[in-house]
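Below you'll find the structure I mean.
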Amino acid sequence: MARSWMDARQDDLEERFRAVRALSEALAAPLSDADATVQSMPDASPAKWHLAHSSWFFETFVLRDHVPGYRPFDPRYAYLFNSYYEAEGARHARPLRGMLTRPTLADVRAYRAHVDAALIDALGMLPQAGRALVTLGLHHEQQHQELLLTDLLHLFSLNPLEPALFNAPSAAPVDLPGALHWIEGREGLVEIGEDGRTGFAFDCEGPRHKAVLRPHALAHRAITNDEWIAFIEDGGYSHAAHWLSDGWAWVQTEGVEAPLYWKQGEQGWTRFGLDGRQPLNPAAPVTHVSLFEADAYASWAGARLPTEAEWESAAQNVAAISGNQLDGPACPRPIAAADGTNLTQMFGDVWEWTGSAYRPHPGFHAAAGAVGEYNGKFMSGQFVLKGGSCATPRGHVRASYRNFFYPHQRWQFTGLRLAKDL
Amino acid sequence: MARSWMDARQDDLEERFRAVRALSEALAAPLSDADATVQSMPDASPAKWHLAHSSWFFETFVLRDHVPGYRPFDPRYAYLFNSYYEAEGARHARPLRGMLTRPTLADVRAYRAHVDAALIDALGMLPQAGRALVTLGLHHEQQHQELLLTDLLHLFSLNPLEPALFNAPSAAPVDLPGALHWIEGREGLVEIGEDGRTGFAFDCEGPRHKAVLRPHALAHRAITNDEWIAFIEDGGYSHAAHWLSDGWAWVQTEGVEAPLYWKQGEQGWTRFGLDGRQPLNPAAPVTHVSLFEADAYASWAGARLPTEAEWESAAQNVAAISGNQLDGPACPRPIAAADGTNLTQMFGDVWEWTGSAYRPHPGFHAAAGAVGEYNGKFMSGQFVLKGGSCATPRGHVRASYRNFFYPHQRWQFTGLRLAKDL
Amino acid sequence: MARSWMDARQDDLEERFRAVRALSEALAAPLSDADATVQSMPDASPAKWHLAHSSWFFETFVLRDHVPGYRPFDPRYAYLFNSYYEAEGARHARPLRGMLTRPTLADVRAYRAHVDAALIDALGMLPQAGRALVTLGLHHEQQHQELLLTDLLHLFSLNPLEPALFNAPSAAPVDLPGALHWIEGREGLVEIGEDGRTGFAFDCEGPRHKAVLRPHALAHRAITNDEWIAFIEDGGYSHAAHWLSDGWAWVQTEGVEAPLYWKQGEQGWTRFGLDGRQPLNPAAPVTHVSLFEADAYASWAGARLPTEAEWESAAQNVAAISGNQLDGPACPRPIAAADGTNLTQMFGDVWEWTGSAYRPHPGFHAAAGAVGEYNGKFMSGQFVLKGGSCATPRGHVRASYRNFFYPHQRWQFTGLRLAKDL
Amino acid sequence: MARSWMDARQDDLEERFRAVRALSEALAAPLSDADATVQSMPDASPAKWHLAHSSWFFETFVLRDHVPGYRPFDPRYAYLFNSYYEAEGARHARPLRGMLTRPTLADVRAYRAHVDAALIDALGMLPQAGRALVTLGLHHEQQHQELLLTDLLHLFSLNPLEPALFNAPSAAPVDLPGALHWIEGREGLVEIGEDGRTGFAFDCEGPRHKAVLRPHALAHRAITNDEWIAFIEDGGYSHAAHWLSDGWAWVQTEGVEAPLYWKQGEQGWTRFGLDGRQPLNPAAPVTHVSLFEADAYASWAGARLPTEAEWESAAQNVAAISGNQLDGPACPRPIAAADGTNLTQMFGDVWEWTGSAYRPHPGFHAAAGAVGEYNGKFMSGQFVLKGGSCATPRGHVRASYRNFFYPHQRWQFTGLRLAKDL
């Protein structure tokens, strides 16, 4: 029997396959059929869809393309569960993903079992290209594990009953971390980006290339909820001066007054999470803020967001496994930084908005075929986030990892770390 | 044990209560939790919501207001399941009804059982006002039974798998009904409207009042699918001449080319229903057409829609129980008119669009309080439909019944009967 | 030289033609080229467009169709200045009417002169059908004279400088009219509608037909600004109870808190008009209210709006020439009712919303051809208004006249008179 | 009397002031009051507004702030003609700029004369900060000169009469330029950005900083209309493969099939310009394409867009005064590249989309106060364009100049030059 997903030896593909697939199902275990079906907004997808789409990925790019004689579980699923691969033909419209009350959650679990069995069967005979696609598929599924959690959080937040997906004890109060310390970064020529030569990396993380850094420093930790409250109390959401123009328009149109899921009551601020509504933990990193908010905060604080190169260069010395990431089917929560003044919280807790637009690294070329649509075509209008969050499955993230969202989006666990010029 | 819902003696309130409540559950029996939860558009509601809201109606207006000591099943449900009664306070936003994955379908069934038990317990002791509200609540629930079916139909139509809610044998082919015959209507002063003195009627059906009719005739039956195809083939959807101005704008904006749920394939026209996608039955009445389409068809045919007074006056001689209405948890389908030239299909099959705006009858006054919001406040922008459909529970409809929808809406079983001046 | 437009003998078509055409130009005389060109919203049209379109009507339906050898002023104008006649072919999109900086206002004046000359030339030789179309064209132009004024008012209201089109002395303060008196209306069978046999009437005003009235009374005068303030101060715009459902949604979506063009300042309420911003005259009829507002007011006042038949029946005894209508190029303003308790203000001052939907009179058939599109195709979703306003050219209105707007529209001079059941 | 605007000595501020101000008026000379007033879309502004706003800039930041005793022409203009400076307080909403039929074009000309007289009077006594603001104001006005032309072009394009602002002879046919040649760019560390130490530069052009370039080459000239037609004919707008995801959504939503202002007729392609509709010049650079289109073309051609650093580094050796820019009040038109294989068309003809997002240069800090809003707050969601166009006033552009637009916008004279990795 497979060991638990986080113990899987990285060199054993079957073990990793079993572990990653098992985590998806463990995360979905508490869901009702309805929980797994509803789509709360076009940006989000139903849990059932995540479970099916990640299976479709294996079925299509591995089983169909590399396993002779494979019979698809249901030929209609290709239409239902293709996400955005134009080369794979027509597909169900994204905003209508929540209309699929059939197939049921049980059907999708059967689909997963079918794909799992066929893939494990085939694994030993797969050519290297097929094994590489399995690896890609596992990282792909890990991305959908995080989305499954954040999409459910968004869905549950629209339910006036504010249900909790996970029963989790309220966090014990902790001391506020100390004041920000500034850690000087490298100056001059640095190298960033990965080509996947020493381990897996998505195509957009490469190629490895040089960048020039000016004298600068990064804050040793992320901005806390407590610090964000100071921003609010200083009128941060009421004055245009610190906002990007598009951000200010967004604040006014949407009536934004606090991070997503925050509410102010008689007992002070609360936030909604997968553990229900809870008092805000002042010491924890602020999360569910947009790039617009992060940028305004940085400006208000007399600082700025780090560039991707600054962040990545600093992170190259930090172990990606060190942070507060998702270790199993438990409630993801950002936690307070440990005492001290060393660089911390680089991996896990919250995705950190950078000031860098998501554009190709110099020398990037998308792969040919449908898999080439994985990243490259999204390179307009979005910003890079680094470091992973408390909802990122452990083992998924690294210094070169490039996450990307539009500047108004904030339903992921997104926060910020300040930078400044020296 | 209660007899089946359609045999319930009209004079036995408890029997009727049990029968109507049981039908709702029978209709919902084939639904999964997800089927019952998803909302396909703001105009429609989830099945679970219909089941809960109709219970909330009894809980609020009967149990809370007339049964001392009643304990609500869950005090939060008042917020979740109030539909539009402003006097009952704040409520969950209509377009977000589909976000309620919790309470589950099982929870809602428990809620229904709780309300049923309390109400049946209280029935013997209820004051007359309370009994009148129970009767109102039953008619209200019957309305939601029809909406439950039509809303599910709309939801399932957005699923590319086109699932069938009911397994129903394909209808055997039947001969086309004969050509339209024109039945001369009454002329001069007639009386229409009901005050509920001889049986239940909604407030908007009264008061009884006089109207003047000019010489006119009604078609003896509804327009068929076959006749509608002739309209399409004559370019009915391509020429502005026969359309109301708002209707023509709607056709062009929405790209309307046929009744809702129709598709043209190599084998000819098909339509989607609660029995899945089926070949179109040429002899059956056309349904799922908007007022705009019905009006354009009438104009193209050199006729017009009947006024409400013309229709109601003619229907006063027809037994409301005679038509093709909903007799139990089976697939609603319009069926071909019987042979002959007498007035037929007045009740059941399809709601018939009239040319009359839904405005108050002369002398109408809405009741005081929340129940007064039942009908009166919707009297702008909508048109009157008469006669009930194949999805209208038998026993619910009568000549004075006023259904109403906006002129572009067509997800109900809506069709038409022609009229003309003599 | 022609006498002034309001003295024109009704039996002399050329005189009337000259007078009506001259008034349009007098109304437009104070306009700059830019004033005449800009479109403030899709519902409104530029002044230049009104001047050109009313000329296109004569050019197309009279000169082109009935005057052999007529050469159009500019063949491209048919595309630019057709309003909505589908039978006349493609046309410039309504929301883009304000893009037409060319032709200039001077060009349009030349177009008018060209059409005028040709039409006056031809008048003696026109067949009867042609003369009837000239008469229709004159009534059509009078409708556009009123729209020209109300569209300019809307445009100027969006200019922070709040310019005045007319220099008009502020109205001297007058006493409030006395309390409402209720004038009993006819009961039983009445006749309404006109066929144009004794003078001009639009097609939709007929045919003459019978209607039944129940015992009722009409208020002797229109509701005043002072009375409307009482509605506001009683929370009229803050409570759902008196509003139609669509109306309440409109109030909330649009943030409506007072009639259009009203503002509350330190000196009390002001209103904007074609004479600029002025203190509100408490004694004058309220105007620029929507059907939704009028209906809510009536409900709040324990009354209702009159039906069209009630209003028209009462108006048949009142001279249409008696009211405060547009007598020339001066600032239109509703004025206070004269002392007394007789029925007054039936014609002029403000269009009175009725509770009747704009649907065809029994027996109505639209004419064949493009002119048949004049009225019939607008018969959905709108309500009937009666009696004309201070911006309606004198001579244009009569008891059977049917004006119609959507229930949310209020940039016309629209007000209300109460009715009640007896 | 001042010499013409393009001969003005760069060291004589008064002369430059007179010349730049005179060009704005020369460009507006052919406009009617209406032409100058209408706003064709929220992205565009009326010509009158450009003329007034550029004057408001001088009046506010120079005369009000640096000239004691200055009396504003009209104190209400500050509200009307502030564009986006939040620090300057409330202002007229951008989408309503076209409602300002008053003040008239004549009023705005008087406003300009008032500001000109006061500023020329004060020029000798201005402190250095004031003189710097005059220089900034002149470059600001040059930007609005280009916008005035492109906004008029958009307005005229919506007029079915397709008027020409300038009478310009049709361009004589020229030979197609030869095939693309690839010019190798610098590799390794380069310096880009300007601090305005040797001449004027906007704040966003600096600071001067290092960048790293990989081996690459730029096309020697811009892509032509002829080459673009090949893209169209190869199905460029019909296949998703070469498009950014947001770009493909834009193509489908907007129904884009060719560059803006192009039409295909029986005689082949035509384009609309300020000289009216003309046959397409195959040899001229393609223009009025969006970033999405430019990026798709580059991908289709097996190439990519240059980065800003690549472009700027190459342009540092090219004289900015060499290209086809705006030399006076004449019709701006891109022209064919001269023969040869050297780098050409870097300045003028068309703004060249780069693949670089518009984000701050390393070390950039916005100035304090309202003027600090000039550029910095627009740094999200937009892409950098380089090199100026045929509508850019000569003397305005330089290698470090950063223009920026959203990736879907294309009403400016925007085109592209290819780049590739070596």
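Odds and ends about this structure:
We call the chains A, B, C and D, going by the order they appear; numbering starts again at 1 in every chain.
Methods note: contacts are C-beta pairs under 8 Å (C-beta built on N, C-alpha and C of every residue); 3 or more make two chains touch, one makes a residue touch a chain.
The shown structure was predicted, so the numbers you read here are calculated from the model rather than taken from an experiment.
Legend: contact pairs of A-D compared by residue number with C-D, A-B or B-C; the interface matching in over half of them is B-C. One simple way to say how far apart two chains are is to compare their mean CA positions; for subunit A and subunit B this gives 46 Å. Measuring from the averaged C-alpha position of subunit B to that of subunit C gives a distance of 38 Å.
Mean C-alpha position of subunit B lies 59 Å from that of subunit D. Taken residue by residue, subunit A touches two or more other chains at no position, since every residue touches fewer. Checking each pair of chains for touch leaves A-B, A-D, B-C, C-D.
Those residues of subunit D that touch subunit A in the shared complex are 84, 86-87, 189, 209-214, 240-241, 243-248, 291-292, 295, 307, 355-357, 359-360, 362-363, 377-381, 383, 407, 421.
On subunit D, the positions that touch subunit C within their shared complex are 32-38, 40, 76, 79-80, 92, 96, 98-105, 155-156, 158-161, 163.
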